[in-house]
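One chain, subunit A, appears in both complexes that follow, with subunit B as partner in the first and subunit C in the second.
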Partner chain A sequence: MSFIIKREDIPHFSRHVISKGYTLFAPVKGEFKHSFKKIAENQVEDVSLDFVRTTMPPLKSLLIPPRETLLKIRNGKVEETLPDATSRTAILGVHPCDVNAMSLLERVYMDRPKDPYFEARRKSLLVIALNCKTADEYCFCTSFGTGPSLEEGFDLLLTDLGDRFLLETGSRKGAELISDFYMPRATSTDILEKDDTIRRVKGMIRRHVNTAGLQRIMIGALYNPIWNELAGMCTGCGACNMVCPTCFCFNMTDEPELDSGGTVRIRTWDGCLLWEYAEVALGGNFRRDLSARIRQFVNHKMNYWLNQYGSLGCVGCGRCIEQCPAGIDITRVVARLRGETP
Partner chain B sequence: MVDKLKVGVFKLTSCSGCQMVLVHLEESLLEVLKHIDLKYFRMVSDDDLPNEPLDAALVEGAVTNEEEAAMLKKIRRLSRFLVATGACAATGGVNAMKNITPEGEVESIVYSSPEYVRSGKAFGLNEYVKVDAYLYGCPIDRNELVNTLMSLVLRVPPYIPGLTVCMECKMKGNECVFLTRREPCLGPVTVGGCGALCPSNNVACEGCRGVLKGTNVNGLVSAWEKAGVSPELIRIKLRKYTVYPVAGR
Partner chain C sequence: MSNGFENPYVPAFAKVVEVRNENSITKTFTMSMLNGEALRFRPGQFNIVSYFGVGESAFSICSNPEERNTFENTVRRVGRVTTALFNVKPGDVLGIRGPYGKPWPLEKAAGNDLILIAGGMGLAPLRPVIHYVARHRDLYGSVDLLYGARTPDDMIYTYEFESWRNIPNMRLYLTVDYVPQNVKWEHDVGVVTELLRYVKPRMRYTTVFVCGPEVMMKFTAQLLLRMGFYPSEVYLSLERRMKCGIGKCGHCQIGYKYVCKDGPVFNLEEIGLLPDVIE
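Then we have the complex of A and B:
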């Protein structure tokens, strides 16, 4: 079912979502960029759907918080601190690349063995996606079929048609949410306009990764001198790991809890660019050189994911390119390995 | 219940700010004191250097003269576990700025009567003795201090995750001060754990927690140069918290 929401009704729609008992996250404009923020009922006017890419991979941080307590150990008893399964969270304005990244994370966390923390959060999450109405110099989702529009993986889907949004339902949960929110039905003209918008955005995307036979090429390039060259530029900061919506690695630490005399087990985001990541007992390390760590990052996305989870691990969001202090560009790395660019 | 941990808190050349973090633990301090026995803490009591063995020594400050080196070696002999506490103890800290200027120059700028100053070059503790663990930062982080003390109480080695300030900044969803404002931020190469305190307040990281193993300072400096950061500003950034020896410049 398709409906039309007037642009000025987005705050009203946001308030409707909150009134249904959801904790709402939506993009808010910052000094330079948009980022996803928790929206209280009196903040619905701040919701802004005019953005190319948000600072943070929003879905990843809602499903696997950067730092979370997994369990508490008190007086010899282990108590799991699972997220509240009855809570309801809605995220408004997620772009197709990020929705697809969430589907990839589901393969990682909801296959055997299931991660109960991720699963509880995923099940309580309602996704109101937003097809792209523009693209910038970092976008390359068309290379992976992960954007700029979405066919599945959402509860509700918005498309910006200028003075109004087309709203499509993708699940029963989505349909229920809008069942008592009055909107006019969309017409065939609206649908045609949506198709035009998406065609126009596709034409704006300038960056590409040629994925044909990519795995074979990546395996053949494991000893290519490019990795050493990149290690000279790379700062080793791990920002790419943090902003990547499909990077899923984590570290676990036990911390003493002073007041109870017990211990809490904490899970935090981790990244393969770090020295410590491949370090083992007695100081052994499988990836001593930064070149080996960059090679791992690029190969995991463009090669190893295929064997691990059945598809490439990149959605072409462009965050790792945009946020790299050294200006390393994964699309250019692949193009050079393919001999498509000097 | 395990025995109380016998702890000494010592100070070499430093501002005492890291010891103050221990004093300022406030409500946590009382909990911590249930598990540790403070045998020496000059800031709160006038006792002489201890002669009995200690389970752990927290040593603040850089080593800048022979007396301090001798005192540090004595502390090392007395202590089963030695924690370099804060930037000065870890790398020499702000004091080590003077290591690359002619002797006496910095002192004559800072003090009105520099003839009373008795110190040479400033080094971190590991130039003289084996260091078992580090608490980074200027000053140290209170949670890391509590975790370190409690780990020692439980007789397990303290662990400070080896991630960067830049990663913590990204976890918070901050806008990048380098990419948006071209400010030279040391976050990409600096040991995290502070929760990206400075960049979260719109100030570029000064690198007070030291350079994280495995990061590439020269790669970062090249990125700064490409972004048009002045050589003078780069020199100041690398000197403030002893990043220059890692960068080899």
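Then we have the complex of A and C:
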């Protein structure tokens, strides 16, 4: 079902979500950029849906926190510190690329055996997505069909029509949330205007990855000199891993729990660009060279994901390009390997 | 609070019942699960051992798979967790997850001759194979174990070699890189691949299992292929950094394979086109 919500009613709508028992996260305009923040009832006026992309904190933090306690072990007992699956979290204003990235994370974490920490968080999450009304020079979602609009993976979906938003329901959970929030029904004019908007945004996207037969090309390029060339630029900082919405790797470590004398088992984000990532005992390292680590990053997204989880592992959000201090651009890497001049 | 989810990160507890010194930097721990259950595993699988407060590490399960009351892990002191494990004494309790991973293809190899090639600690995942073969001797043809180590002292399970030699139609060939002064050594000196000259494989009726350092497996695999083995007949057990053991943490990936769940045992056909492997 489709409804219309007036632009000035977004704070009212946000307050409604909170009143339903949800902890609300929504984009807020900062000094330079928008970022997702927890919205208290008296902050609903700060919610701002005019943005291309948020980067920090990465939205995936809501599903896999950068640092999380998995277990507490004391006196011969293991306590599972699972998130409360009955809690409710809503994210308002998630762009299609990020909604699709969450679906990709699901493939990893919900593959058997399921990760119960991820599962609890995913189940308690309500996604109010927002189709894109603009794009910038880093966007390339159209290459993967992961934007600028969304067909599935949301509970509610907003499309910006200027003075008003089109609101579509995508799940029972979403429909329930708005069942007692009065909005007029959308008309055919509204629907057609949405189509125009999406068409216009598609036209704004200038960056592309040609995915036709890409896997064969990537396999053929495993020993291409380009990886060494990129290693000369890359600093191995791992920023791409941290901001990538589909990067899912983690580390597990033990820390002493000071008050009880027990142990806390922690997991923290890890990234394949980091030196320690493939390190083993006695100083062995299976990807000692930066070239091997860059090759792993690019190939994982553009090649291995397909075998592992049935689709490519990139959603074209552009963050790794935007954030790379060395100016490495995954779309140009692919274009060069294809022999295309971008 | 379990919320009704099965949590794969929760370790079970095992009590250490015996600690054997293999050599100055290697120990074998015999353990039994505190809940009294058997750790059922197949030769080639691994488990993840916790020393609480220090962390987890993955080890091959190296005992007889048909021994139900206990299981064993052999540990070489090389890092943080293994150094902590070195102080473990009988009666101490460790955390255990697993068994994990794809085992050696013992069913598929039934009826064939076996060549087992091990380097150093690489004998650990092959020891269950030897015990299994000893119990089911009629399932396999001849069995040749080719074992190399840096020095005689670096060899593990030497106390079992005599009983292995007594397994019908099984031969044991040993080599070391060098023999320190005043050490008695009546076997070969040289790399393990040189031991292959003692073996006359019945081609197409022989399966080869290899485990050892990456560089040893590389040269062994190359030689085996040149001898005429098909890539599908040569199996390697690989080692990678591993955290979760269940295909989530990402660390053990080689190309699109996860060593923890697609391996650790792979044949050369499976890993032939992948990067970051025995280069």
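In this text, the second predicted complex is superposed on the first by the 337 of 342 C-alpha atoms of A that agree within 3 Å, B and C clash if a C-alpha of one lies under 4 Å from a C-alpha of the other, contacts with A are read in each partner's own complex, and residues count from 1 in each chain.
We adopt the following convention: a residue touches a chain if its C-beta (ideal position, glycine included) is under 8 Å from a C-beta of that chain, and two chains touch if they have at least 3 such contacts.
All values derive from a computational prediction rather than experimental measurement.
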Look at where subunit B and subunit C land on subunit A after superposing the complexes, then choose clash or fit. fit
Pick one for A:D270: touches subunit B only (first), subunit C only (second), both, or neither. both
Taking the superposition on A as described, I'd like to know which of subunit B and subunit C A:N251 touches: first, second, both or neither. both
So, does A:M233 touch the first partner subunit B, the second partner subunit C, both, or neither? first
Comparing subunit B against subunit C, which has contacts with more of the residues in subunit A? C
Quick one: classify A:Q43 as touching subunit B (first), subunit C (second), both or neither. neither
In the superposed arrangement, which partner chain does A:T89 touch: subunit B (first), subunit C (second), both, or neither? neither
In the overlaid three-chain picture, find the nearest pair of C-alpha atoms across subunit B and subunit C and give that distance in Å. 5
Would you tell me the residues on subunit A in contact with subunit B in one complex that are also in contact with subunit C in the other? 251, 253, 255-256, 270
In the complex, the residues of subunit B that touch subunit A are 28, 31-32, 146-147, 150-151, 153-154, 159, 161-164, 166-167, 170-176, 178-180, 187-189, 212-220, 222-223, 226
Subunit C residues touching subunit A in their complex are 1-3, 5-11, 13, 50, 52-56, 78-79, 82, 93, 95, 239-241, 243-244, 246-251, 253-256, 258, 273, 275-276
Once bound in the complex, which stretches of subunit A touch subunit B? 30-33, 35-36, 55-56, 61, 66-67, 231-239, 241-243, 251, 253, 255-256, 258-259, 268-271, 274-276, 290, 293, 322-323, 325-327
Taking the touch rule as given, give the residues of subunit A at its contact with subunit C in the complex, in rising order. 70-71, 73, 76, 78-80, 82, 85, 108-109, 111, 113-116, 119-120, 219, 222, 248-256, 262-263, 265, 267, 270, 272, 277-282, 286-287, 292, 295-296, 299-300, 303-308
